[in-house]
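Only one structure is covered here, and it is reproduced in the block below.
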């Protein structure tokens, strides 16, 4: 599998998935042509949808960055890597559906749980991918062991955070929504000196 | 036709088609805002849609891999190749529609037959493409005859499997759905040593 | 404007527009869960939508090929080229809407006329683009004058054909639908020896 | 962050967002199969949707050109650039929603204001991106200070224009719609000699 075509395909899927998110933001069907006030009110009522849109735009953006940072380190793409990558993309493409459900029913347990479940699955897919790459020694020769160890820790942490937020949703949906936002805000904020991206492969 | 632009266009269509699959997973319109239990039930009732989504994600993923594996061997893209490739892409883009129909009516003959028909058409398109490439000697000079022969056998087998599953759907829809899942699981599972992808061009 | 990024952007838009066509093929909403016969009948009734899908897949496929063939000859992309290309892409992205209208109302004058109008506009955009490239001498130095002349003739012919089909639609909608299909079939069929694509830049 | 993959991802998102605009042009659901006259009337009534489509196609086209012109000057992509670029893309992907709202309710304050707000946000994102690039000296060594100064002025002007149009919408919606069209027409029209695109990075 040529790495260029592998990355191009993955990039396209990330780009489409992130763009499809906007379909989750939609005005309700009006029975009769609305007055201006009514339209304004309907638009304002879309705030959970817009918040869910912003959240998932951040999530997929981070995933894309991590994918990029991870595969910069990789030299060889084998068949199982392609398979696990397909799994990861399959979860990614599912995010727009989980997002529109969250936007439509932001205070319902089933919506916040589904969202957390989807993020947790993306965390699992990332960890399976990383573990396979580590096990088969697919990295470039000059990648330091410390970088790989650091990345692994960060991946485990990311998965744990998402899993916790998912479990919180079973108790208090609104809190888990806020938690998702916090996690994304934390990982998106650039910190300190602009560190070498390689060493940050794990922050998702 | 430059091979790079030919592949880039095909990759975009594959990536877009695989992403559009998610539009087949959609909540029904509720007459009144649902209670949490009702939403949870509606989400759980989406399992055939999600299964169809997973299935087709696998199918298009395999097709993309095969397209990639096939065109790695190819040196020259002529006008008829472009035409047959367009045919293949046209069938691929049809898959999201067949998938959403299958997800909505998983136990109905017409839905499972339509799905099998679409896969069979993709098999035909792949075989026409391969035959044209073989006939015009479009492969790189260093591609072994054995590789081409092996690929041809695998392509014929793939087509036959899909055609049989399609015919089974006329008798027992649920069985053919299970059959599609089995075929995809079989082709997606990485086996044994990570064989040279070139020699696996035919596994779809 | 770097030619690589210009072509990549155009290719992506062509690829998305061709994929969006499938959204025009959709089952009607059933009032109650349909029986298998009913679903089969509904699927069979989609034939004009599928025909329109096939037609437009051919149309956009040909446009993509022509775009490719044309810009192989081009060396310099200036601002007006980018603008005229944007015009062409804008018409291309409109095709899925015209197609779904045609598929839904294949025997209505307004649907077939809209479709013909869209194709005619694409012809105009291609001709404006070509004329600008000719006027500013944007072609590679080694492109023969004969090639450019031949391309120009083919572009004028293509535009004329679409315009005629559009006018026919005002008199006999069904005939113009058949005409569109014939034109596309004609241009898609590979003919004789596999001619140098450069010399065929004009066939759309 | 490799510049190639950064640009490819951005291009895909721009291309996809520009294509999604067509989903804003849709026929109303007819209660019974319409007569030809009725269909023709419904199509003609879509003119504000089509105008909004043309407008936004121009807007995103200009944004893509500017993105391209800006990043031609850039040498280094750091983490904050990626973050601000994600912000810009997030606003871009929102444009199809703002456009379909504008097309559906072209004379309503809330629709024209939302549209202006979206464009203003895109202006802010572009300015934040530029300021960060200037502050961190991310440009190629051979980019003239004059070019950067000129670009900055143009970016500030673009933002101001959009903000003014947004405010006008609060007083006279129809006027602001016309204003958006004028701004886009102005920036899209190629002027004078075909100036070096580098020096025009700021025209949006």
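By written order: A, B, C and D. Residues from 1 in each chain.
The rule is simple: contacts are C-beta pairs under 8 Å (C-beta built on N, C-alpha and C of every residue); 3 or more make two chains touch, one makes a residue touch a chain.
Predicted model, so just to flag it, every value in this text is computed and none were measured.
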{"item": "Both-way neighbours, i.e. chains that touch chain D and touch chain A", "value": "none"}
{"item": "Rotation angle superposing chain B onto its copy chain C by C-alpha atoms, nearest 5 degrees", "value": "90"}
{"item": "Self-contact between copies chain C and chain D, residue sets same or different by half", "value": "different"}
{"item": "Centroid-based (C-alpha) most distant chain relative to chain A", "value": "C"}
{"item": "Separation of mean Cα positions, chain B and chain A [Å, integer]", "value": "26"}
{"item": "Whole-Å separation of chain centres (CA-atom averages), chain A against chain C", "value": "36"}
{"item": "Junction residues of chain A - those touching two or more other chains", "value": "8, 12, 16, 23"}
{"item": "Category of the chain touch graph - line, ring, star, complete, other", "value": "ring"}
{"item": "In the complex with chain B, residue positions of chain C that touch it", "value": "7-8, 11-12, 14-16, 18-19, 21-23, 25-27, 34, 36, 39-40, 43, 53-54, 57-58, 61, 64-65, 68, 72, 188-190, 194-195, 197, 200"}
{"item": "Complex interface listing, chain A residues touching chain B", "value": "1-2, 5, 8-9, 12-13, 16-17, 20, 23, 78-80, 82-83, 86, 89-90, 93-94, 96-97, 101, 104-105, 108-111, 114"}
